[in-house]
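By written order: A, B, C and D. Residues from 1 in each chain.
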Amino acid sequence: MPYETSDIRRIRLIAAPFAPLAADGSIRPDVIDRYATWLHAHGVSGAFVNGTTGEGCSLSVAERQCIAARWAACAPSGFRIIVHVGALALPDAQALATHAQSIGAAAIAAVAPSFYKPDAQALAGWCSAVAQAAPSLPFYFYHMPAMTGVQVRMRELVPLLLERIPNLGGVKFTHEDLFDYGCCVSRWGDRLEFSYGRDEALLPALSLGAPSATGSTFNLWPEVYLRMISAFRQGDLVTARAEQERARTLIDLAITHGGMPAMKAAMRLVHGIDCGPCRSPLTTPDPARATAFATAITGAMS
Amino acid sequence: MPYETSDIRRIRLIAAPFAPLAADGSIRPDVIDRYATWLHAHGVSGAFVNGTTGEGCSLSVAERQCIAARWAACAPSGFRIIVHVGALALPDAQALATHAQSIGAAAIAAVAPSFYKPDAQALAGWCSAVAQAAPSLPFYFYHMPAMTGVQVRMRELVPLLLERIPNLGGVKFTHEDLFDYGCCVSRWGDRLEFSYGRDEALLPALSLGAPSATGSTFNLWPEVYLRMISAFRQGDLVTARAEQERARTLIDLAITHGGMPAMKAAMRLVHGIDCGPCRSPLTTPDPARATAFATAITGAMS
Amino acid sequence: MPYETSDIRRIRLIAAPFAPLAADGSIRPDVIDRYATWLHAHGVSGAFVNGTTGEGCSLSVAERQCIAARWAACAPSGFRIIVHVGALALPDAQALATHAQSIGAAAIAAVAPSFYKPDAQALAGWCSAVAQAAPSLPFYFYHMPAMTGVQVRMRELVPLLLERIPNLGGVKFTHEDLFDYGCCVSRWGDRLEFSYGRDEALLPALSLGAPSATGSTFNLWPEVYLRMISAFRQGDLVTARAEQERARTLIDLAITHGGMPAMKAAMRLVHGIDCGPCRSPLTTPDPARATAFATAITGAMS
Amino acid sequence: MPYETSDIRRIRLIAAPFAPLAADGSIRPDVIDRYATWLHAHGVSGAFVNGTTGEGCSLSVAERQCIAARWAACAPSGFRIIVHVGALALPDAQALATHAQSIGAAAIAAVAPSFYKPDAQALAGWCSAVAQAAPSLPFYFYHMPAMTGVQVRMRELVPLLLERIPNLGGVKFTHEDLFDYGCCVSRWGDRLEFSYGRDEALLPALSLGAPSATGSTFNLWPEVYLRMISAFRQGDLVTARAEQERARTLIDLAITHGGMPAMKAAMRLVHGIDCGPCRSPLTTPDPARATAFATAITGAMS
């Protein structure tokens, strides 16, 4: 059974949790305990904290540290906390990295600084400076060109990172370019983790050997992906495709209803995890739209 | 064995042949007979004639008709000839479509008119007008936004095409967006053919149920893909991934050495099929670079 | 009076006329005589035939030749006919160029072939091959990256064109990049004509020394620009700015009401020049929208 | 003399100073006193502190405050200090705004938060929240879509800002879209300041009524622009164009030699203002390249 041989590791889902905010816009770490428990109970293996879904870049350094610390403190046993420390200012990213190490996070990750759009060499230097601030934790580069505009190919960046970062852990790969993703998994997948980040194309990534996935929709309908992964591992592509189609339909509903802010509202309406409104510049959907989205996905998830 | 159930059809490779040109820049249809025989002998199931690789848009209507007629005349039994008829001017596309039907082509295809960049509704109207000019042939829309800049999603276009085009055959899908591709295969794959066109990501497309692939690199190293498909159909993902990695490495070599013009030269140097230089605005690589590319891929193909 | 010294030549307006089509979609050259007379009577100095506004790329070679011939035949004395001959296929562009010379056009112009997106060197070679087909006419490169996606800078292309094209006339510069435009006018403006093509930014181009302008809105409200140019030449920037603001407002109305197809309809409704519908893939606005646009601009033009 | 009527105000140059860094990467505010004196002595009217040229987004909040405070403290009489307070995190931008007010800055400015790319409504809300944190200072929106990817048109944003921000001062408009710029100056130029930010197209902006300019190259060759402005105000476009061409040539040299980091090095080599290296992710040019650039511009400035 070649499948079992090639996919010997458990394929993990890592959720990117929403930012826990109160109605007045301040952070509200008290919701995190229940949130972590809920994710763990629904088959999710870890949390990618303060990332894109977590509005990390809209939070101050102090707020990010407070949220990260709470996730680290309440993580169920075996539940991985990856703290996103990316920031435009290198001192901020370094301070966040050092803090993440101090609170016992499992790993750190950093998105490219997106204002000046570095090339591969400059980006590798920047990543190295961040990784050095948390030398005992694995460092993941968070590749998301749709948000950053930084178009460096990972098959060009990874060799530069390997030269410079002894604690390199891998890449959170949030991009539809499976040419580049496949190169990475084939070339360095035995040493590094390339966690795929486009939930709508996870089955194709699995075909290339994805060891894990990190994304926003694992907050809302993790079971769809768990069923897909299970079917894939058993060689049942008919079922796997049907579950991926279900996920695509759900994601299209999310896009239609307002994107990530709609998902944040649905996390409260559907699953009872209340992370409050979004912070400006994101806007919170009005209640009618949020309810329409929650209703639409409730029927479509199973 | 779920694989056999889901992939009951043979997965076909369709090559997009190079334009047969003489040293003086005129067309040279005499090379087509050998070309067709070679492709057929190497496991390729058909030819997508006058497409992007075939420099179709750089040829006059008369030249395109002459080349298409030769391919139709010399096609081995069972070898499908799909004639690309896309053109900026609708009368040209229609004339090419009518001609393709008259010469016994198996199907026609048309890329979006790329100068005015139509939206989905306007594009569906345009496709319908082309398809009506060859009513007895299946019509394929050729989706290649990297070249055309037309960003219409296929999951939005296909319903419009289904309403308007009784002879709709499917889509040649040359785009890395497997979200959109998966939607199409899942929703209309039982009625329409979505032939995948990014050779470097064919394995992921297979995981979603791709019934066929249409691309340029099937001219040069079809065996790599045939081995990959065979392994995939047997559930041997380890081998399939290794062959996809081989294809990616070869494609990166092609990109590095000058892209499609380098591949055209290699078709002559490696396989003895001489299609001559490229026509302006494409440029022909100098002999040293062409030879370097041919040498590089010769070692890497098997 | 430094102005008179620097702008000694008359600043000319060249209109890009609409394609004359009948209700059944065929071309209708009979409208051209009245059209040319109308433009001439309203202060327009020439016509850029079969360009973007003229749907040149949506017409067959034969249709383009027929339209060009009619413009050349009926041009009032001193009224310049520049025939756009750009096409994806070089033989088509060359045939159009040779024809333009045979009918007595004043000049030819060609947009970049946009499918393969040549670099500067390849583009210069292509232009040279077109220009050679009409050696006794000035050749203009038609720079419009918003439509073609060809991003070559003119300050890099012009030196290459000067080396290769003895009959180089200049550039129709339809791009908002006034950095590049200014370089061209300063460096080669004494030898070549850089005709500006963004009507909404003509006053800024005049400040840099634009000798002429070629655009679509000179069909509809040429008087606005004539007043602006006259004021500019007299050093009356207050009036020139007010007329440019009037033009911007009119252009925003055009954008809001459907773009070029709306302008084509308005040419009939406001000025009585009936060029019929647009050809697919462009779509013709419904009558209510066309009337709304015509009404809106009628009030705003003077 | 219509010019005098229309351009009654003095046209001001505001330089965007480089970040003062030491060799070890820490900030070095001690250089600011000389820097301010130098700019003032060379005809520059103010400083746009911690902006794109000032690497503001690469500095921590504390570092930005320290630098801003020094500029405010040492500004020559009449020299305007505009503090850029834009940041991805709203609390950071607000803290910087409040601080800027406390140190006696003349105005604040904020670039769009670029990670989530707000639409016009969301952006107006975000700007309002920043402006409220410094209610006694004019607020400028800093429009620079090439860096932020936020493509909102100013003629759509300004009305929303006017509704929400009583202390709105205007827009720093760093974009080549003179269609949009002209709309703003014509419609709200009597109430708001639209300071143009593309030094290479300042003459065209002057033709539209630009009251001031804010840019990076006013650090290095302010005299070129002062001569251009003076000539423009006297109606001498021949001289104005020649000076704009000189500026374009210098800017092309900067682009060729490494962009902003090369300019930072030249500020030391040519003018003796030592702001040290650039901070990662920007990279500092090697000494040979910096010297080559300094030499090249020294000859070309006058």
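Just so it is clear, a contact is a pair of C-beta atoms (placed from the backbone, for glycine too) under 8 Å apart; a residue touches a chain by one contact, two chains touch by 3 or more.
Owing to the predicted nature of the structure, the values given are computational and were not obtained by experimental measurement.
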{"item": "Separation of subunit C from subunit A in steps, with touching chains one step apart", "value": "2"}
{"item": "Higher-contact pair (C-beta pairs counted), C-D versus B-C", "value": "C-D"}
{"item": "Superposition rotation for subunit B onto subunit D, Cα-based, multiple of 5°", "value": "180"}
{"item": "Numbering shared by both copies at the subunit B-subunit A contact, with half separating same from different", "value": "same"}
{"item": "CA centroid of subunit B to CA centroid of subunit D, Å", "value": "50"}
{"item": "Whole-Å separation of chain centres (CA-atom averages), subunit B against subunit C", "value": "36"}
{"item": "Sites on subunit A at which at least two other chains make contact", "value": "none"}
{"item": "Graph class of chain-chain contacts, one of line, ring, star, complete, other", "value": "ring"}
{"item": "Pairwise chain contacts, counting only pairs that touch as defined", "value": "A-B, A-D, B-C, C-D"}
{"item": "Subunit C - residues contacting subunit D, complex", "value": "1-3, 5-7, 155, 176-179, 182-183, 185-187, 198, 200-201, 203-209, 234-242, 244-245, 248, 251-252"}
{"item": "In the complex, subunit C residues that touch subunit B", "value": "52, 57-60, 63, 87-92, 112-116, 118, 121-123, 125-126, 129, 147-149, 279-283"}
